[in-house]
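What follows is subunit A paired twice: with subunit B in the first complex and subunit C in the second.
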Partner chain A sequence: MGMGTQAGITRRNLLCAGLGGAVALRAAAPEKSRVVIASDPALRATFASPESARVLKLLDRAVQSFYAADSPLAAWKKIARPNEVVGLKVNCLSGRGAATSTVLVEAIGERLQQAGIPARNIVVWDRLNSDLESAGFQPASRKDRIRCLGNDSAGYGMDLAVFGSAGSLLSNTLTKTCDAVINLPVLKDHGIAGVTLALKNVFGAIHNPNKYHVNAGNPYIADVNMFPAIRQKIRLTICDAISAQYEGGPSYMPQWSWSFNGLLVARDPVALDYTGWQILERKRAEKGFKSLRDLHREPLYIATAADSAHRLGTNDPQRIDLVKV
Partner chain B sequence: MDRRRFVLDSLALPCLAARAAAPDARFTVEARFYEKLPYKKIKCKLCPRECVIDDRERGYCGVRENRGGTYYSLVYSRVCAAHVDPIEKKPLFHFLPGTQAFSVATAGCNVNCKFCQNWDISQVRPEQVESEYIPPRNLAALARRYNCPSIAYTYSEPVVFSEYVLDSAEAGRAAGVKSVVISGGYIQEEPLKQLCRRVDAVKIDLKAFSEKYYKEVVNGELKPVLDALVTLRKQGVWHEVVYLVVPTLNDSDAEFRGLARWVKTELGPDVPLHFSRFYPQYLLKNLPPTPIATLDRAKSICDAEGLHYVYIGNVPGHPAESTWCPKCRRAVVERAGFTVRAIHLDGGKCHFCHQPIPGIWERTSRL
Partner chain C sequence: MTLRTLRRLSQILFLGLFALFVCTAALRNPFLETDPFIAFTNALATHALYRGLLWSLAILIPTLFLGRFFCGWICPLGTLNHWAGNIRSVAKSGRRRIQSNRYQPWQAFKYYFLLALLAAALLGSAIGGLFDPIVLAARSLALSVLPAGSYSLAHAGPLSYLLFSPQAHFRQGFLLGLLLILILALNFRITRFWCRALCPLGALLGLVSRWSILGLEKNQDQCGDCNRCLLHCQGGDDPIPGAHWRKSECHLCMNCVADCPESGIRFRFFSRTSASATAPNLIRRKLLTGVAAGAAAVPLLRANTGLDAEPHPRRIRPPAALNERQFLARCIRCAECIRVCPTNALQPALAEAGWEGIWTPVLAPRIGYCEPACTLCGQVCPTGAIWQFTAAEKGWAGTAAHPIRLGTAFYDRGRCLPWAMATECIVCEEWCPTSPKAIYLRPAEVTDSAGNAKQIQQPYLDPERCVGCGACEFACPVKGEPAIHVTSVGESRSPTNQILLRRAPKSVDWLPDTGDAPGWTKSGETRQFDPAGLWKYIDGDAERYLRAGVRRTLTATYRYRNTVEAVVDIHLMASPAAARAFFESEPAVGSRPVPLDDAARTYGQSLTFRRAAFFVRLVAYQDTPQTAPALLSLARAIDSRLTATNAITES
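Right, the complex of A and B next:
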């Protein structure tokens, strides 16, 4: 996908976003972590591509609601300043079907540009160029376009980041290129870690993710999220739940995928992961699958991320301000 | 880059700089020890971890990848470090003393020791470190060119590049070059037996004598390593054991005594046991170097338990670097650091009292 500026925001889109956002404008208790679930049941029929304009509207509704902003554009301006380089950390390893949707990434790129960030300062990145390509992201050939960059091209720094049981080198894209990152995981099952959502998606920023899948990723996933560059640069998570997968992940398994037709938006990755996990568990139960706990792959790393040694967010449903729009 | 620079200089400093990671078919062979599972998953049967791996994913070691339900090693002939080292550096003290070993590694390891001194090659993926293509027959030829009677598979973890080790050992044998494996011994029985049929000596890093340490510091398990040592004894391959003594973590009298008794019972009193000095690095920088008194204490306990060849390593000039005849108590191999000063052995026996000293002492072919 060579991505550039697309059609500007229309008055009609703005109006829709504004109307949709009205629900979310109610004030949350300040100590709660807000998680917005935006959905559009008609967004995508099973296995069809979602329509760009509808995805834009859904995205606007989700982000405006999350920031309780007056307009989608005002919300986007809260994410990054015009002089900043913004990374979009997609999830591509499993290729099309189980990767962050190109339509969603195009929509985010468009809104960032409208918020004043030039296309050349937007970087779509993940571990490998080949993973990006398999998910439909083509490296842009022109410098004025959004860049797509695998860590295999960008390289890793030489300073070992260490926390708890984890020690890793970090992607230069994260540490040197980007000022801010929007984390873009996919709502899906993971055969080892239970689920792969906001916290797990940062494994794409380290040189040695294979070392941290033991014990269902606990405490490693939480530890990796404590690395300062990761904590400080990720400003927002937008979880792609247009198509979701409740079993057989992280590989794409169409028989266990369904159209959730939504987005999950949060700044608190723990609250987002807890919320996404519950959605997947409910779908598993509905389809007659055992719970992740029964399968010994309950994502305990989510609770670890919330503990006193990490404090990355909350997994307490009482402290999550869940907003559905 | 010419071959000599490659060997002597260029790979001394592994480079994690950005490089395009074009998949290179030369380095990719189908793995030998795995089973296929439904939905294009596989289960690796090389080491006790038995990773179950989805399509397009890699195992814990990072050098084996599932591609469409077939499992591949990505490090066949993909050498990221190559040096000519004294065999004493491995350390192997009862194996061709005073000779050089042509020493090679690929990226990857199946554990993650917090004290790893080679983490910049062992804890990375093959595409994250510069490598050279050295197929097995070239490796044997290089060893001969550098007057090395042996090839050492070392630095990282040869278990994870075992396909390359197996073929290189065979090529080496055909060229009159021996093979030695320097390993953590975290390997399943069948692949180990195949290695035993082709290599001449194995040094095992027994990192501690407690499961707790293996879990917390090594990210592995003790039991399979002990099983591997017993397999080596049963297969009749020459083996030596190294134990890195880390202050406060694996240095109690009880642990040293338990280790000594196990070695004596299961492997026999003649197996060389090296206590090695720890220096802080990688993820374990908060501990001091091992006091020499601790190493002396470990040796005293093992001597008292009846082990015949207990060494102290990483302490240049220590008398326990030399091999002492257990009968007449005279030095039969005198060492200072990695240098062998004198050998007083005649046909594998003590020159002074004719006590047989176990080991592989003679080259079988002239290089």
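Right, the complex of A and C next:
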């Protein structure tokens, strides 16, 4: 009996079958996007500032859990290498009350330094120096310490970034100064876009954010996130949900704010936005407010960001690995 | 070293210097500043003691001693003519060359011409600047020769790296180049024809030189009548023996001295030669004709339209240009401002400024726009036709109450993409440099050609903010005729070229000062936002206010006895109904009404109320037992302020 007529399992067939199966399995079960919600109910009982040490512990818990690292420091070392310049994109437009907490930013700065990144390589930035000041940050440009820069002092580059319907100049801080960026939005409602979280927070990196609020920011918010410098440099999103706002945003409205006392951490901005949106919807329902869909400001840009033209992440709850710690 | 060699070196040096000033932006050209003809023209035209009169003494005083040394040793156009005249030509070969260098009666024409130009100046027109040799050389080099050189360099392969700036293009560059070539070509017929027959500066210096103490001495005994002294004579001043040497025509080129084989000619101070004519040979009737011609020219030019009647809409002058009459009395058409304009926006006028305004500068927005921070045109203007303004005075980047306006832009909605073709385009708004922007966008639902409804942003222009810089027209992507164009109407320099618009709304502050409310301190400056700039304060939420027709927003921060910090926003809406609708659109869940104005509610840590067309919001950062009553007292102080001002009736 010749080998050529033998109807059996050959080594080649076996390898092909195995490889094909592995590919099929991989396609069938894509990797889930992890979103960690870390909370500390005692963090901020009133509208007073949260305690630094508690925020640090909460932050460690969130980041360690997200990276499934052995220690917080090991987790922080995964974010950036010591020779990299790390930007902390805060959200300051609405001033104190609805801005990224200075206590949280200080905690992140401290941990980054412990992870080997020198203070001079950490840049806190947002659109305007006046915005930073109104949120409690002190603009500083000395290069021997943590810098704090508004785009109005750092300037915008001359190269137009274009994707879909969006065309913008990008902040020099993002394109020239920083190697990596940690996005630090706030969990809050947005009067036009529905919610403003990870995806919307990058509007602070472009020169013309006012152009992109038409049609509830859809598809502009997703398009802006497709700019290569934004997509490639944002390594992690830590959403400040210590104090959150479910109505009246993005301006600070204390009557519609509450102490969520938590942080949302994710690498997938779409998954984080979807998760945050659901938190806000639940709070709205609890307080007797209509849903964003009923108010015609459902954040459709989140779905756009997940579509095949963008693929910025997933908004499918089945594909979000939600971890609460 | 002979005097002729020295003269040649001087010519090279000064022509090089002149070229340097023409090539270098932001350097005032001292040749223009010291030009005596320009000085006299401007002094007469402006009826004022002109600064240039003082500088011109640097030329006039040496001329009193030396004669027309400027023409032979310094004048850049003279040097070019000199070199062109040295080129061999059939018309000047052999005996004809010598004959052409004899004095001719028509050389007196320049004096009559000078008088005509000065008479025109006396009547308020600096049109004489067109014919000044320094101006002519500067204008021709800057607008014609240099751009042509840039073009050549750009297409010269490896040499193109020498080109350090993009090539500029100027309207009439060809015509101006042709004129220079014509002037130089006349030298093939008669050496330095321009200088001998036409140059008004040469004529002025010729008149002054009659008192010069430097004179030509001819030694008749040594002369062999070879006529070599005439071979290279530049001025046609008859240095030959047997004829009167004409002091007012001599350029002191020293060629006759160097060419004389017998060394029979020399220059010396206080020479006692009797064979010289110190004054130009002028005829009174022709002098009067010259004056009459100049005096008649100005009314004739102004009988035309273009100045007072039917000014051209594209007569857009550079920033800080004087009003048109004063401008024409000062502008000498030197093209310095045109040359230094970094965006190539300034162009020599042809018909835009009437006949009198030919080659004066006008802005051509389709070619370039006026850069907000640029002040170069004012820096280099030698006569003050454009005063030396600063960027702050220009006031385009900041919030100057009275920015310099060049004109106003107008939309052609039949060509504008969002208006006419349901196509997204916000280029003009992007380019608008004013702060806040004069061009703003409004979302609109339109139907495209396929019948699909779509939401786009349509541009509008606020003429109160438009400064007429032309950036919108320059950047408009609609080729051919742009969809937005700038005209001179609304220019700051003219009180009459205006459309009926209310400029610069009256500054108001509806926010209380420290002490107006017990315990409250105003801890920050009042910031004011108009609708177009509201997004800078409340990005994302601004549209909600815009939809409600907000007209103006004022905000400031306050502190209450070091325990409560608060921010106050006052929004002036389009109408009391709009304020009411906005107030009622905010959820009342968790609030309670308070007795204040038309309607008010407090949420404890925040308070909102409306009064007439005002919607007011107070937000505290601290939630203390004192917060709610303190906010209420501050709200009452605001209410008093709003009542006290006449803003409500204004609105």
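One rule holds in what follows: the second predicted complex is superposed on the first by the 291 of 325 C-alpha atoms of A that agree within 3 Å, B and C clash if a C-alpha of one lies under 4 Å from a C-alpha of the other, contacts with A are read in each partner's own complex, and residues count from 1 in each chain.
Operating definition for what follows: a contact is a pair of C-beta atoms (placed from the backbone, for glycine too) under 8 Å apart; a residue touches a chain by one contact, two chains touch by 3 or more.
Everything numeric in this text was worked out from a predicted model, so none of it was measured.
Superposition of the two structures on subunit A shows subunit C clashing with subunit B.
In the overlay built on the shared chain, the residue A:Gly95 is in contact with subunit B and with subunit C. In the superposed pair of complexes, A:Ala309 makes contact with neither subunit B nor subunit C.
Look at A:Lys211: by the touch rule set out above, it reaches both subunit B and subunit C.
When the two complexes are overlaid on their common chain A, residue A:Asn172 makes contact with subunit B while staying clear of subunit C.
Contact comparison for subunit A: of subunit B and subunit C, C touches the greater number of residues. Shared-chain residue A:Thr196: touches subunit C; no touch with subunit B.
In the overlay built on the shared chain, the residue A:Phe289 is in contact with subunit C alone; subunit B does not reach it.
Using the contact criterion defined above for the overlaid structures, shared-chain residue A:Ser251 touches subunit B and also reaches subunit C.
Contacts of A:Asp152 after superposition: subunit B is touched, whereas subunit C is not reached. Residues common to the contacts of subunit A with subunit B and with subunit C across the two structures: 93-95, 128, 191-192, 208, 210-211, 213-214, 248, 250-251, 253. Residues 424, 426, 430, 441, 443, 455-457, 535-536, 538-544, 565, 567, 586-587, 589-591, 603-606, 619-623 of subunit C are the ones that touch subunit A when the two sit in their complex.
By the touch criterion given at the top, residues 46-47, 93-97, 128, 165, 190-193, 196, 200, 203, 208-211, 213-215, 247-256, 287-289 of subunit A touch subunit C in their complex. Those residues of subunit A that touch subunit B in the shared complex are 93-95, 128, 130, 152-156, 158, 160, 162, 167, 169, 172, 191-192, 207-208, 210-211, 213-214, 248, 250-251, 253. On the subunit B side of its complex with subunit A, the touching residues are 16-21, 23, 39-41, 52, 54-62, 112, 119, 123-125, 127-128, 219, 282-283.
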